[in-house]
Amino acid sequence: MPFHPRPRRLAQLALTVALVAFLAACGQDHPDTIFHHRTDVNRDVDYLFKILIYAGTAVFIFVEAILVWTLFKFRARPGQPEPEHVHGNTTLEIAWTVIPLLILIVIGIPTVKTIFKQQAAARSDALQVEVIGHQWWWEFRYPQFTMRSASGKLDTVVTANELYLPLGKTVNFTLKSRDVIHSFWVPALAGKRDLIANHTNYLWYTPDSTTSDAFNGACVEYCGTSHANMRFKAFTVSQADFDSWVAHQEAPAEGAVAVGTPISPDSAAKAAAPRSPLGSQIDPNKNLAAGSTQAGPTVPSSGKAGVGVPPSPGAVNTQVTQAGFVAFPREKMPAYTVPSTPLPAALKFDDNVLASGNAANGAKLVATGMCIACHTVRGVPTMQATVGPNLTHVGSRTTIAAGLYPNDPRHLARWVKNANEMKAGVGMNTFGIGEYDPITKSTVKIGFTDAQIADIVAYLSSLK
Amino acid sequence: MTAVASHAHPPTSTGLDHRKIAIWAFIGSECMLFASLISTYLIYKGRSVVGPFPHEACNPPVCATHLNPILNIPVTSFSTFVLLMSSLAMVLALAAVENKGKPGYEGLLGSSKFWLISTAVLGITFLGCQAYEFTSFVHEGLTIRTNLFGSSFFTLTGFHGAHVTAGVLWLITLLAIDIKRGLGPKDALLVDIAALYWHFVDVVWIAIFTLVYLIK
Amino acid sequence: MATAAVSPSYARTSSGSPSGIWSWLTTVDHKRIGTLYLYTALAWFAVGGTEAVIMRMQLQGPNGRVVSAEVFNQLFTMHGTTMIFLVVMPLSAAFFNFLIPLQIGARDVAFPRLNAFSYWVYLFGSLFMNASWLVGMAPNGGWFGYAPLTTLPYSPGLNIDFWMLGLQILGVSSLAAAFNFITTIINMRAPGMNLMRMPMFTWMAFVVQFLLVLAFPVITIALVFLQFDRFFGTNFYTITQGADPLLWQHLFWIFGHPEVYILILPAFGLVSEILPTFSRKPIFGYPVMVYSGILIAFLGFGVWAHHMFAVGMGPIADSVFSMTTMLIAIPTGVKIFNWIFTMWGGNLRFTVAMKFAISLVALFTIGGISGVMHASPPADLQQTDTYFIVAHFHYVLVAGSLMGLWGGIYYYFPKITGRLLSEKIGNWHFWLTFIGVNLTFMPMHWSGLYGMPRRVYTYDAGQGWEIFNLMSSTGAYLQALAGIIFAYNIFRSRTHGEIAGNDPWEAPSLEWSIPSPPPDYNFETIPTVTSRYPLWDIKHPELTASVPHSRHGDERNDVSLGGKHVGAFHDHMAAGTPEGGLNPNATQASSKVSLKTAEELGIPMPYPTIKPLWVALFMTLMFASLLLIHKDKLPLAMAGVVTFATLMTGFLYAWLTAPLEPHHH
Amino acid sequence: MADQFTHTHAETDVHAMGEVHEHPTWKQYKWVALILTLITVVEVWIYYTPFKESPLFVPVLLIMSAVKFAIVVLFYMHLKYDHKLFKALFTGPLIIAMSTLVALLFLFGKFSGR
C-alpha cells in the first residue's frame, strides 16, 4: 500500500465511536417505534419485517463477506504475475440469478398474503372512525354516535387531534381530505394510509393490549408549511372508559352550559326522545338515549356494543359526570406524548392576567367575535362553523395546535393572541391587538387585549 | 488529397443517416408523450362534474340548462379523412423528390412542389376544422376551464394541433427550399424525416379519432 | 492542404488550442462541453450540499430554530431537485459527453451543436430555477411536487412556477442530449466496435438515453397540466371539479422510477470501467452485465406505483407492483456479484478511484436490500415517508450514484485534464466521504423505524430520535468537509497534479490510447477495434486469446506485440509507445508532445458557434416570461413569450442553415 | 476512402451504405389510401348504426384503428421496407407506451365496469 494510512486510522476510530453511539441509542426508549405489538396489524407487519430483515441481513453479510475477503485476498503484491483473464462463469451466474429469485419467493408469498389480509374489508362490527385531514390538523368523527341538537340538527361525535379507541375492538378508519394529501399514521399501532381528496381510503386494526395507553400520531405526507406540526394523540382505553368518553362527547361541554349560554343542551333533548325518529338515516341504530353509554354499533348484525365487551355498568348515568372517564388523565400521559415545543420568543403575553380570566366574559367574546367564523361549540347557537377544529370539548383535550403545544392557559393564550407566530402558516387569524396578522397582511387593530384573551382562555378551558 | 480524405468522416456504423435515427428516436419519445395525454383523457372521461359532456346530454340539475352532446362526428370524420389524404400527398412528395427526373415521374407525379403544397394545404384544412370545432365548442359552453372533459380534450387535441402546425411550418420550409433551389434525390432525406414526422402525427390522430370521438 | 507549421503543435497547456471565454461559449467540442457539465454540476453540488447541511443543522436537535418551516420546506425541495436534476444527471452527462465518443472511437457526437445547446439549456435552466432564492420564493412543494398542494389554491406564490418551468427547461436539455447520444452510439462506432464490444460505461449510457427519451415526455405532460392549471385555469388537479390527485402521482412516478435508473446506471457503468482496470481483469460476465442493465431499465417502467403503496390502490395493484419491484432486485444482484467476481482473482490496486468503486458495491448493497424491504407493501406502509426511506434512497443515490461518479472523476480526471488528482488528498476525501455517508444515513434507518416522519422541519424531544439525528448531522458535516477537500484537490491538481500520460491506469479501452487531454479531433486515425479490450490485446495478447465475442475473421488474430502488424489502431498512438500508457516521456510532460492539428491532418472539425447558446437563452427567457402571468401581467407575459420565441426561432434557423464544418475536398 | 472502411464494416450491423430505398410504389400508395378511407368510412358508419350499442362496438373500432395505424406505419412510414433498427426504435417505445396506458386505465378502475 503506497498510500497514507492516516485517513484509514481515522475511519477505524470513527467506526468505533459510531458503534458505541449505536449501542447507546439502542438502549433508549423508543415510544413511536413500529415494533410495538399492540395491534393485530402491527404483529403481522412485524412478522413480515422479520422475514425481510433476516433475509436482508443474511444477504448483506454474505455479500460483504465475499467482498471483504476478495479485497484482502487479491490485493496486488509486488512481483505478482498478471491475473488470469476470466470472462465469466455460467454456472455461477445462473446461481446468483436463481438463489435471489428463491429468496424473493420466500418474501413474496407472505407479502401477498398480508396484502390481501390487511386490505380486506373490516369486520362489520368495527368501530367506525372518519378521519379528515385539514391543513394542518385532524378531524376525527365517530359516525356511529350521533345526537340531535335543540334545533333538530343531527350531530356526530367529533373531535380534533385526539383519537380515542376502545381496546379489543376493531376500528375501521375512513380516510378523507378536505384539501391536499395527508397521511394518517400512528407508528405504534399500524402502517400509514393517505388521505386524498376525491378518494376514500380505509384502514383497520384492532388495538388489543390490555392496558390503556397514549401514542403519538403524525401526518406523513408532505402537506405544506406546517406539515411537521400536524400531529395528534391516539388513546387506547378500556371499552368502559371509551363508552364514558363517548357519552361525555355527545353532550355539550358543561362549561358551555355553565356560563348561561341560551341553549338547551342536546342531552336534555335526547333524554326526552330516546329513540331518534330518523329511521334509516345516517346512523339508524345509534342515537342513544342520553347517558346510556352503550356504544351501540351501527351494524345490524351485532346489537351489542363492542366485540364481546359488555356495556360498562359503571358508566350508565343519565348525566355525564366528572366521575366518569371524560379524557385521558393528564397525569397518566407518558412524557413522550407531552409536547416540548418552545414558545416563540417574539410573542409576548402577560401571564399574570390569566389568573383573573373570566369565563363568562370569555363566552361572550367567543360567541360574538370572529371565532364564530370558523369554529363550532356545540350548544352555542352562533358557533356552528366547521372550518376550524370543533371546540365543543376543547378544554378536555391534552394538546392544542395539532399536538404542537400542551393545552394549558399559557399556551392557549398565546395561540389566541397570535396563532401564526405559534405555528407557521396556520389559517387562523391573529387576534392580539397590535400583533401582525400575516393573513390580512396588517397589524391587528380590532382584536383582543391580553385581559380579554385571558377571559377567552378561561372559557375555552372550561369546555371540558 | 487521398491522405486528407482518409481523415474525413468515416461512414456511419449502420450506413444510415444520423438525422433519420434521431427522428425515429424522437418519434418513439412522442409515443410516450401522446400516451400520457390520451391516458389522461380516458381516465377523466365520465368524471366531469358539470357539462357539456362529449357523448351524453347534460340536463338540469347537473347543468343549468339542457346541453347536447358536444362532439361533432361529421366534421371530425371529414378532418380525419383530410389528414389521411395529406399523408398520401406526403408520400407522393417524397416519391417525387426521390425520383426526380426518372421515367414515370414526369408531370404532376414528379412535381414535389405540388405534393408539398397539397400536404400543407390539407394540413391547414385539418387545422381549420379544428379551429371551427374549438370555437363552436366554446360557443356551446365548453372551454378548457369548464370541466375535466374540457381540460383534457382541449389539451390533447390542442397538443396534436400544435404538432400539425409545426409540421405545416416544416413543409413550408421544405417548399421554400424546393422553390429556391429545387429538391432532388440528394435531398430525399430532408423530405423523408419531415414525412416520418407528418405520418406519425397522422397516426396519432387515427388513435385519437377512435378513442376520443367514436368510443363512448 | 495539410501545410505544416500553420499552427503550433497541439498541447492544452500551451497556446495550441483556443482558449479564453469566447472559445468556451462557442465550443461544440464534446470534451469541452463535458468539462463544462462537470464543473457546473460540481458547483451545484456545493449548493445542494449546503442546503443539506443547513437542514442537518436544523435537525441536529429537537425543536431546532436555525431556519423557519417555510425555508426548510424550500431547502428540502431544492436539495432534492438540485441533487437529481442539477448534479447527478449533469455529472452523468459530463461523462456521457466526454467518454462516449472516445470509447466508441468517434471524433465527436452526432450533432455537436445540439450538444452545446443541451449544455446551455441546462445552465440557464439551473440558473433560472435557483434565481427563485433571490426573490425568496424557492420551490417548496417537494421534488415530487404532489398535486393538489402545488396547485394555485394551496401554493399561490411563484415558488411552484419556478419549479415547474425550471423542470420543463431542464427536460429539453435532457431530451436533446438523449437523442444525440442515441444517434452517436448507434451510428458513430469505429469499425469493429460492434455492440457487444462497447465498453460497459457506453452500454449503460446507451440504456440511460432510452430511459430519458421515454420517461421525460411523461413528466413533461404532467408539468404541462400543472402549468395549464396554474396559468390558464384548467382542472387537471382541481379537486372541486372532480379531479383525481393520483393522476399527478402516477404520471410523476412513471417518470420518477425510470429516473432512479437514469441516476444510478451511469455510476454502474463507471464502476464497471474502474473495477476491471484496477483488478487487471476483464469484467466478469460482460453479456450478463449488459443484459441486466437492459433488464433493469425495462422493468423500471413497470414498477412505478411502488412509490404509492400508501395511496390505496387496492390489493391487486399492490401485489403486482410489489412483485415487479422484487424482480428488479435480481438483475441488480447479478451486477453486484459480477463486480465482486471481477475483483476475485485479480491484482487489486487500491487507488482512490478503486476505493470509491468498491464502496459503491459495498454500500449500494445496503440500499438494494432496504429497497426489497420497501417492495413489500405491508412493511412499506410502516417504512415509507419516514427517515427509513430517506436512508434507503440516500444509500442508493449517494453511496451508489455519487460514489460511482466520484470514482469516475478520479479515474477520468487525468484524461480530461492531463493531470492526475492527488491520491493523498483523495484518500482524505474518500475516507471522510465514506465515514460521513455512513454516519449520516445509517442512523436514519433507526430514526425512521422509531417513527420519525420525513420532510419535517422540527421534531419533538423525548421521542428517542435525538441521538440518531445528532449522528446524521455529524455525518453531514463530515461529508461537507470531504466536499471541501475534494474541491481543493481538483483546484490544486488541475495545475499541480502529476502529468498523466495517455494511460496512467493501464486500462483496456480506446479512450486511453490517445493523449491526455485528447486533441480536439480525438483520434488521428479512426481506430479499428478488434475486441472488447483493445489496449489489453496489445499489451497482453496471450491473456486475451479466449475473449468471447471476438468473432472469426477478426483482425485481432493478427494482433501481436512488437513491430508486427497490430491493427490500424496501433499506428496512431501518437504520444505513446505501442503499449499506450507506459511511455516514459509521457510522465514528464505531455505538453511537450507535438500533436498535429486537425487542419494539418485534414480532419474537418465543426465550426465553433454561439448560436446554440442564444437559442438556449431565448428559450429559457421564453419560459421565464410565463412567470409574469402570476404578477397579473398577462399581456406583458405574452409579449415576452412571443418576443423570445421569435428570437429563438430566428437563431435556430440561423443555426440550422449555417454549415456545420468546412467542406473539404 | 471507401476501401479503407468497407472491409472493417463487415461485422457491424450494416446492410448497405446509405439509405435503403425499397420504398413502396405509387400503386401501393393508392391502395393504402383507399383502404384507409374505407376503414374510416366503416368506422363512422357503424357509429350511426345500432351496432353502436353492441358490446363488440369498442373492440371492432379498436381493431380497425389498429389496422389503420399499422398500415400507415408500415407503408407510408415505410417501416416495412426500412432498416430493422427503425423498427426497434419505434416498436419498443410503442409497446412501453401502450402498456403504460393500459396499466393506467386499470389503476384508475376503467376496466372494473364501475
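A, B, C and D are the chain letters, set down in written order, and residue numbers restart from 1 in every chain.
Operating definition for what follows: a contact is a pair of C-beta atoms (placed from the backbone, for glycine too) under 8 Å apart; a residue touches a chain by one contact, two chains touch by 3 or more.
Predicted, not measured: the structure shown is a model, and the values here were computed from it.
Under the contact definition stated at the top, the chains bordering both subunit A and subunit D are C. Inter-chain spacing, taken between the CA centroids of subunit A and subunit B, is 53 Å. Between the CA-based centres of subunit A and subunit C the separation comes to 41 Å, rounded to the whole angstrom.
Centre-to-centre separation between subunit B and subunit C, using Cα means, comes to 34 Å.
Listed for subunit B are residues 5-6, 8, 10, 13-14, 16, 21, 25, 28-29, 32, 35, 43, each touching two or more other chains. Residue positions 5, 9, 12-13, 85, 92-93, 96-97, 100, 104, 108 of subunit D are each in touch with at least two other chains.
Residue numbers of subunit C whose C-beta contacts span two or more other chains: 186, 189, 191, 193, 213-214, 218, 242-244, 246-247, 254.
If touching chains are joined by edges, the resulting network of the protein chains shown has some other shape, matching none of path, cycle, star or complete graph. Within the complex formed with subunit B, the subunit D residues making contact are 1-2, 4-5, 9, 12-19, 21, 23-24, 26, 29, 32-33, 36-37, 40, 43-44, 47, 52, 57-58, 61-62, 64-65, 68-69, 72-73, 75-77, 83, 85-86, 89-90, 92-94, 96-98, 100-101, 104-105, 108, 110. For subunit C in complex with subunit B, the residues that touch the partner chain are 1-2, 107, 110-111, 175, 178-180, 182-183, 186-191, 193, 213-218, 220-222, 224-225, 228, 232-236, 240-244, 247, 251, 254, 521, 524-526, 601-604, 664-665.
On the side of subunit D, the complex with subunit C involves touching residues 5, 8-13, 85, 92-93, 96-97, 99-100, 103-104, 106-108.
Taken in their complex, subunit C has these residues touching subunit D: 186, 189, 191-195, 210, 213-214, 218, 244, 246-247, 250, 254, 301-302, 305, 313, 317, 528, 551, 553-555, 568. By the touch criterion stated above, subunit B contacts subunit D in their complex at residues 2, 5-6, 8, 10-11, 13-17, 20-21, 24-25, 27-29, 31-32, 34-35, 38-39, 42-43, 73, 77, 80-81, 84-85, 87-88, 90-92, 94-95, 98, 109, 188-189, 192, 195-196, 199-200, 202-203, 206-207, 209-211, 214-216.
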